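In this document, chain identifiers A, B, C and D correspond to the written order of the chains, with residue numbering beginning at 1 in each.
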Amino acid sequence: MEYRRLGKSGLQVSVLSFGSWVTFHKQLEDGSADELMGIAYDNGINFFDNAEGYAFGESEKMMGRVLQQKGWDRTSYILSSKVFFGSRPNNKPNQTGLSRKHIVEACHEALQRLQTDYLDLYFCHRPDQNVPMEEIVWTMNHLIQQGKILYWGTSEWSAQEITAAHMVANQYRLIGPTMEQPEYNMFNRTKLEKDYLNIFNNIGLGTTIWSPLAAGVLTGKYNNGIPEGSRLAMEGFEWLVNKQLNDDRIAKVRQLVPIAEELGCSMASLAIAWCAANPHVSTVILGATKASQLTQNLQALEVLPKLTPAVMQRIEEVLQNKPVVTPW
Amino acid sequence: MEYRRLGKSGLQVSVLSFGSWVTFHKQLEDGSADELMGIAYDNGINFFDNAEGYAFGESEKMMGRVLQQKGWDRTSYILSSKVFFGSRPNNKPNQTGLSRKHIVEACHEALQRLQTDYLDLYFCHRPDQNVPMEEIVWTMNHLIQQGKILYWGTSEWSAQEITAAHMVANQYRLIGPTMEQPEYNMFNRTKLEKDYLNIFNNIGLGTTIWSPLAAGVLTGKYNNGIPEGSRLAMEGFEWLVNKQLNDDRIAKVRQLVPIAEELGCSMASLAIAWCAANPHVSTVILGATKASQLTQNLQALEVLPKLTPAVMQRIEEVLQNKPVVTPW
Amino acid sequence: MEYRRLGKSGLQVSVLSFGSWVTFHKQLEDGSADELMGIAYDNGINFFDNAEGYAFGESEKMMGRVLQQKGWDRTSYILSSKVFFGSRPNNKPNQTGLSRKHIVEACHEALQRLQTDYLDLYFCHRPDQNVPMEEIVWTMNHLIQQGKILYWGTSEWSAQEITAAHMVANQYRLIGPTMEQPEYNMFNRTKLEKDYLNIFNNIGLGTTIWSPLAAGVLTGKYNNGIPEGSRLAMEGFEWLVNKQLNDDRIAKVRQLVPIAEELGCSMASLAIAWCAANPHVSTVILGATKASQLTQNLQALEVLPKLTPAVMQRIEEVLQNKPVVTPW
Amino acid sequence: MEYRRLGKSGLQVSVLSFGSWVTFHKQLEDGSADELMGIAYDNGINFFDNAEGYAFGESEKMMGRVLQQKGWDRTSYILSSKVFFGSRPNNKPNQTGLSRKHIVEACHEALQRLQTDYLDLYFCHRPDQNVPMEEIVWTMNHLIQQGKILYWGTSEWSAQEITAAHMVANQYRLIGPTMEQPEYNMFNRTKLEKDYLNIFNNIGLGTTIWSPLAAGVLTGKYNNGIPEGSRLAMEGFEWLVNKQLNDDRIAKVRQLVPIAEELGCSMASLAIAWCAANPHVSTVILGATKASQLTQNLQALEVLPKLTPAVMQRIEEVLQNKPVVTPW
């Protein structure tokens, strides 16, 4: 496994990591979660990603039970949670968002669900226009001071919002956000390849990217329609279908498959490795419902060194979506 | 229920809230308190206001017992206390005021009486000329850092005093007061509609206003003298009678009653809705001794949208006390 | 009892207070200590002064036992300790002085001996040239932040040293010393009446003065030699004799006795009241070994209003030692 | 025993101290460790040095057991640990280095192994280019604030790195490193006698030096080859042989032996005293596997006053390695 610094911070995160979004609780039972996390850990994955909002806290509870049973050395892995969406089916006011009240209460609840004394990473899962930046930055710093979290970050914040958080941190001499968790994949490149460039340089932001397979579209499994039992066939995920699946994308995946075949890897591995090839990506979060799936995706590690400039160029020619960065 | 941000803070407070001043312990038993708080909570009220000084701490103890028994999710409501007046019948030096000693000791005692680990809001119940502002602001910040309170504020402080608190906070890079709890009603408008205007703009102060009914005068129930069993008939409240009740006020209430009747609501609901119509009001604190009273007052929510500019204008013509704001 | 603000702080301290120096443990048993503290408390004294160095910690233990047994409301009194001299008969390096190690360890030990969760006042018992001011101020602030002490101060520091502490506090935006505990009496006036004047004005320093009777000399009891059983007759206090007792002083006391008689009070009461008459004195610490002694000294409260300008002038004519303050 | 301030800090450290590197666990059993530490303590040594990296944490466990059994007053000695190398035979990412995660986790583990509530000194055992200085300084300050460590320092950092740490501390108004633990002996002088000079003056850095005997070479015991049972004969220490042992050094030790004989002391005592003679050395850390060895080395205290300028000059003439300090 390759490990990278989480931005300029001192934390070393495996370039592939394991996320529980939608799969834990909803699609998985404890036994399978146990098997999947075991495979991940044994292959050197050291970052397990979670959030209060995943399956209303059930995802954290399941991960907490597995970790408890595994008994792995707490210092050997990185555990995260995220605050914003709440953990209740019907969230009341102050049970979501980034007010001090919710950040503090959500942190305490996440610690309990995950059965741990501290979170390594704690993310603001979305920006919150209804909370002053001062309140967010102060609260995160209090949690760090109290030893309840080690690093704090953001998810799906704009470059401007992340910069604002650092300006507040500078003004009050506090600790700013260390990392951002954006969506990133072959079809969704603007933020990471263009918007964040100044932040990477000036602030040294780390990224823990999600959706490397664009909800599975980049595995090629939707190349011939939506198979039964796949995530895009699940009830309640119609919005994902609309967002991720369209003819243009399918056409491109079909053109990428031959490249994967030439490299002797699956389309999924290629797509994952392609994300990891971006040096601004600290780690690529993988989800999985089956052991075989995870094992296969881990092969991205072997694909990574095969992504020569020539191969990358061929991929660009298929994608035709490289963001244009105008010099400042 | 409508929820508003508490000033510029991230906290969402129900526009109507529930206060225990004078009613708890003095006029109520646990059973009634239980019923009243149940009605409030079920109607979406999420802020329960209290203070060390209400019935010498007995009000907090009663509320603590009810909350314990109700077992509501701690994250679903906002709990406050206030420090200044002390909680003992015969307070000794340092058992009142805003010295670090009293603020810290009063906070610990309030947490015990309310049976909770933290207060959402903690108010300085009055200004204290005998304590330097630095001592107050530092102490409140230590309590926030220690996780014992989430937001701190003031009650019945002048605009100048609130500004001074924020200047100290800026100087030492600390957190200033988030909210003020002033008296506000149709007869008492200067502070909120004139004095605080600059603070609303510059600091983003929230307000949790009390006495929306001017001690009941605005219910119309004193229109024909002081009925037996009403608060103004209670022993020890003669000062309230003097302060709130006079012929001019009674005359105005009599003129307002027809407007209430036109809107199809009680005089009390109209007076409460009128307070809530001020956008600088974050929440209007209601007291009640009977379920019917509370239920009736909650109807203010339905009156609120009926307060059109025309209706408001008619009310102004009765009140004849709109503060004149001279541009700066 | 009269109460005064401790300097500009918000703490209210009784103008007469009770100290345990040399008397506790050495001269007193628990029973007597219990009686004396009871008299003090019942007469409105709210400050009980102590130090790690008094009788090697035994003074604190005795006071802790008495307080435990009395069961007085913890918020009704002010408890102090002081750090510097250590609490062991043979102090090793770092068991004395003002290093962070000793300040922190001494605080924890004092809390245990006094059986309390926090000290209201914590004094640096002497300056320490071997510790940088930054270390002292930071450490005291950490203890305040942790809730282990409420106010910190100094004892027998020079005006320059106290100023330096406040400069460091300003630089790092920390809390500086609130009070100083100097020796002050009719024979020892320079520090309080001259050296500290600028600090009183600029910083608002409070003072908790000790030795108002100059080791008993100002009671008049040494007017005819050293009686058996008096403190100056005790073994190990020869230095006190040398420091406090001389013919010039005895002569002056003899001249003051008639003034006391005119005012209808004891010489001791006069001397104590004279100290309290200085508005820069926050409290005069009294020691006592007998109930009668304490009761008599408490009469200083009644003497205080009798100290008219004319009386004060007559006293000055006897003392002939008023410090000359040259305008700056 | 002579005690010195640890740099400008208020901590008093015995000029000779006791370190457990390589000897504890690897070469010693609990019984011997007990005997050695007893001798050290009885002779006035008050600093016991340790690190997570010594024998994979076993050195700290052994010292913790001995201290537990000895029951010495915790305030009578100074205990240290160091973070960087990790405490596991196969350290995973984040189980070494100076990330916030490892510093915090290593501190908690050291406290458990040493069976204590706080470390007096906590060292960054090496610089870490992969962690921003801000992260290190903030984390150390959080540990001080939480009361888990009292002073923090560095080991084998360059003058530039130590200066950078203080610059960050100044910028954020935090506490910078108090002491550095460098190698220092007759053969290894540049850092202490040249590189750090500005830091000694400007920052007041203390030093706890190790390897005063150059891995035993300065005892003279390798003057005629490597004896069986000596450290340089141990498996795994071939690198030490290469680093410390060469003909030039042996030749010089042979010339120093007569000087030691003239002073009536062992070669080892002379070498140790020579280190302590440098006023920038706060303490010289001694290791030992046998009681006799330690007792002998403690004689350096008696040698120290014999190191007159004349004797020092004769030693310089043998060493011929005095660093040239060019005025700035």
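In this section, a contact is a pair of C-beta atoms (placed from the backbone, for glycine too) under 8 Å apart; a residue touches a chain by one contact, two chains touch by 3 or more.
All figures in this text were calculated on a predicted structure; none of them were measured in a lab.
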Copy pair subunit B, subunit C: interface residue numbering same or different (half cut): different
Subunit A onto subunit D, rotation angle from CA fit, given as a multiple of 5 degrees: 90
Farthest chain relative to subunit B (centres taken as mean CA coordinates): D
Gap in Å, rounded to a whole number, between the CA centres of subunit C and subunit B: 44
Between subunit B and subunit D, centroid-to-centroid distance (C-alpha), Å: 62
Overlap residues in subunit C, where contacts from two or more other chains coincide: 145, 173
Overall pattern in which the protein chains touch one another (line/ring/star/complete/other): ring
Contacting chain pairs - touch in the sense defined above: A-B, A-D, B-C, C-D
Residues on subunit A engaged by subunit D in the complex (per definition of touch): 3, 5, 8-14, 46, 73-76, 78, 118, 120, 144-145, 147, 150-151, 173, 175, 204
List of subunit B residues in touch with subunit C within their complex: 88, 92-95, 97-102, 104-105, 109, 128, 130-132, 134-136, 138, 142, 145-146, 171-173
